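Next come two complexes built around subunit A: one with subunit B, the other with subunit C.
For the complex of A and B:
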């Protein structure tokens, strides 16, 4: 009798321990399998293929493909364009997020919507916009041409298209973060006598640095990988206006698969490095990141 | 430093937050801005700080017009409701921030900054915690860091926005006492905002009661409690009862009979009678009194609270009695008369009232129309 009572009191709580939201083993296993299968099929498999194809004829061939002058210039061009576009959007993103999160002004909702525009417009159209603006038949193009300023089919055009497409990344990342943090930290700094610049440098920036870094990483990944918009304004001049994604296409269309996949692998590697960097940062500074999101 | 607020008006968009507010704050005073939410008390504090700019009116710090000065130039210490500590800085860095950001010609040497910050950390009893980050501190400790940080710049005036609002009751009481001590020791002119009347009455030298963007009354805690000048203050501070009465020939009538209170110089008509639950006397045999049926009886600490029903058309009235008196009274019917009370006339919004304290023959003072 006493034994029965004891066992009942043991079994009863064990049933209660299971949280209301937990699923049966089968359901859990199936959910995990579906998610994993999806990731393998659509993400891991294609990515591995890129690397396998790139190294199909050995590392020597891979390196030779990257050393090709046209390919090399494409790599340089991509780095140049990203090197200009990312700082520009970093500056813009911080400014826009600051304005939207910390001030009240007319047209704020409109600006917020406008920032998202590049996400909703097809990249091809983004490129086309600049062709229409600066092309030979446009109003601006010939004027700039007469001063010797080349926009289309040159680095400025590529930068403009890239800036347009990667416009939202930093701002999107920062706006919710800054809105959540509010303005009282800044007010505290000002009340203690800090100037606007000191406040930004010592208070605002440290509060948003993780979000900012994440936004920059995403922005950079997209800036390097952008195809559509850049393709329209580039003109595909070999060795001059081809960025890495464009070079991949050209090489592929020429059936030069090893070279195409070698460049593609390099691009993919950049993406992977970005991800690893982000994860490493999150692990290393998880406490601090959590702290800066709190309250 | 004394602070004078002169005819300040503040609108947010088209919504008026403050309407023609004037207030003189004496040097070294600890003053509370008390009111319900939306009364404009925080707006007034932020205007003094320079975190908002007034639509109209002026603010003086001593003899200087501060209204056109920026928040940095005003040299104030502001403690925010949620402290707004810099979370990526240690306690020491937080406290020394205000000194470190000074232009080099006014900035003390690094060693001096450190010494002063450590002194303040000591003053707020956080010695040994100077290397901690705000995230590693309790709410009460953060509060004290915020106060030390605000005091580090040797402010003209110390401004605190709901300083104890985010703390639990126990810590709140301790810090309240402690803040009073700090104030007495350092002598900063201090303005704090609160919606907690107990806090205001216990802590402040003077209390400013605010409602709907205007100041209702300014006075010492005693004045505010004992001589409220408007129905709002009567209702907002402490417990009070109000009854609709009529005046006839200088006598106050409740429904169809006089209640034994005289208001000699008041014209006939209707009025509202205010009195506090503890300002009453019980009467045996009612020849001019208020009488009601006991509907509820609660013991609260040292007193017994009785809820009385004076008739269906009236809100119930609460009175407080010593427990021994309460048990000796007839529990179904209680007759009483207010000993301290005040009449407010409907048509005259505020100020126009007469007050009566115990002696029936005392002359009734009118406080304006």
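For the complex of A and C:
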């Protein structure tokens, strides 16, 4: 009894201090349980389902589904479209960040808002605008058609829609980073006699390389996974204009679930690789990528 | 000198850094070609419809229903995400538990996972024969192929927005504020509800608005689980596609313009929240 009372009087003050700025153990456990439950229910279970459904009939069926020529051409098309769209937006992103972060000019805030615009437009509308621009009943479509240039239901349309949707990614990552870094490094290089391009290649680019990689990573994930915008402009010609996400839809609607989830598993794998690389960049180079982590 | 340069209107401040013309030129050209011309095309097309036709098309019952469903489900999903997102962010910032790093990284999964993949995975889970669906069916609860399914898909899609806007603000909370509240006799619940949560309100609202805006336009993850019954579980983006497939460009354009208008309005609201938050709380991005 006496011993109990003594230990209580010793531990009581520290307990009281801890209770003042943190929750009780019970509240803490409950909040963690709610948070974990939410993550498991809405993130972990869907992700697991993709792989379980893909391997439901064994690895042989999984591989057979991926060897299907139409699926194979969908994979190739996705790589082609992302391979064109990502470098285009990379170039644009660097140029936009250079103009916005390194200079002070009128209308800068407005320009930044315009660059962010594609993020607030529904993917379906992002596709629709190109149908209205190049479709059969538009002004441009028939003219281009007469020269034999096919935009819609072909690779150019897919690339345009993808570029639109992934437009802000690289710029958005680089602008805050380059603003933080300022212009003193470049000014030093210029005063030592470097040309503009030399300054860019040897001073600016090494400073922003991890942030650039981060932006490209996110841009690529979205480019390869885009569904709505691409769906509107693709025309769903089998083996020709179906990207991987569109192929998932077609296989799924044909009740070919194993094949649909097999292609989906490849895309989920891409998402996981993206997340791992992204996290690694955040941990290793947190100072050299922009502080803002939302997209 | 100084007074002269400050009174004279300049497009840009002088700088020794080269390449302004090239960089801005590339930016403006690309922006115009990829974003501005296509978007103005849509606006031009819808203004070509004329007011009466535009009103008639947007007041079509099926369109009104689809818009109501899109905005309603997105709103419910954003509310759910606001509630659980704040708790999740709090757990990630304040507590230590096994697997925290992995869960923190997992929060971004909806950004990285293609929406079509999320759509078929959620459908497989919540269908009557799926893991979760089969548990709910004896209770008479149906998720897949009902509006509830749309909400589930939109919770998945919007989940990172609230967490990622609230989390950095929580990390910067000064412990001294909490200590002061406790010293003045507030219990923990009072400290959280009266001191901490009001400071998180602007970030929470921004996250909510971002999740809501994303949910309204979402297509890929929804169409598999929704069931797509007209007037019941048909979302506005799907109706645009249906009208396009019927070659009814006028109707597709009208629905798209309404959605575009409403998302611009959302963007305005988000900017206003952030401006207000900068003045009131000293943060906002």
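One rule holds for everything that comes next: the second predicted complex is superposed on the first by the 253 of 295 C-alpha atoms of A that agree within 3 Å, B and C clash if a C-alpha of one lies under 4 Å from a C-alpha of the other, contacts with A are read in each partner's own complex, and residues count from 1 in each chain.
The definition used in the following text is that contacts are C-beta pairs under 8 Å (C-beta built on N, C-alpha and C of every residue); 3 or more make two chains touch, one makes a residue touch a chain.
Nothing here was measured: the structure is a model prediction, and the numbers come from that model.
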Partner chain in contact with A:39 - subunit B first, subunit C second, else both or neither: second
Partner chain(s) touched by A:254 [first = subunit B, second = subunit C, both, neither]: neither
Touching partner for A:187 - first (subunit B), second (subunit C), both, neither: both
Partner chain in contact with A:163 - subunit B first, subunit C second, else both or neither: second
Contact breadth on subunit A, by residue count: subunit C or subunit B: C
Partner chain in contact with A:22 - subunit B first, subunit C second, else both or neither: second
Subunit B versus subunit C as contact partner of A:203, first or second or both or neither: first
First, second, both or neither for A:50, with subunit B first and subunit C second: second
Where subunit A meets both subunit C and subunit B, residue numbers: 187, 190-191, 291-292, 294-295
Subunit A-touching residues of subunit B, taken from the complex the two chains share: 49-51, 71-72, 75-78, 80-82, 84-88, 97-98, 101-102, 133, 135, 149-150, 152-153
In the complex with subunit C, residue positions of subunit A that touch it: 19-24, 27-28, 31-32, 34-36, 38-39, 41-47, 49-50, 53, 88, 91-92, 95-96, 98-100, 102-106, 111, 113-115, 117-118, 120-125, 128-133, 135, 137-138, 160, 163-164, 167, 183, 186-187, 190-191, 196, 199-200, 218, 221-222, 224-228, 231-232, 244-246, 248-249, 252, 257, 260-261, 264, 267-268, 270-272, 274-276, 278-279, 291-295
Complex contacts: residues of subunit A adjacent to subunit B: 184-185, 187-195, 198, 202-203, 206-207, 288, 291-292, 294-295
Residue numbers on subunit C that touch subunit A, as the complex places them: 10-13, 15-20, 22-24, 26-27, 30-31, 34-39, 41-42, 45, 84, 87-88, 90-92, 94-95, 97, 101, 103-118, 120-122, 124-125, 130-132, 152, 155-156, 159-161, 164-165, 167-168, 175, 178-179, 182-183, 188, 191-192, 210, 213, 216-220, 224, 236-238, 240-241, 244, 249, 252-253, 256, 259-260, 263-264, 266-267, 285
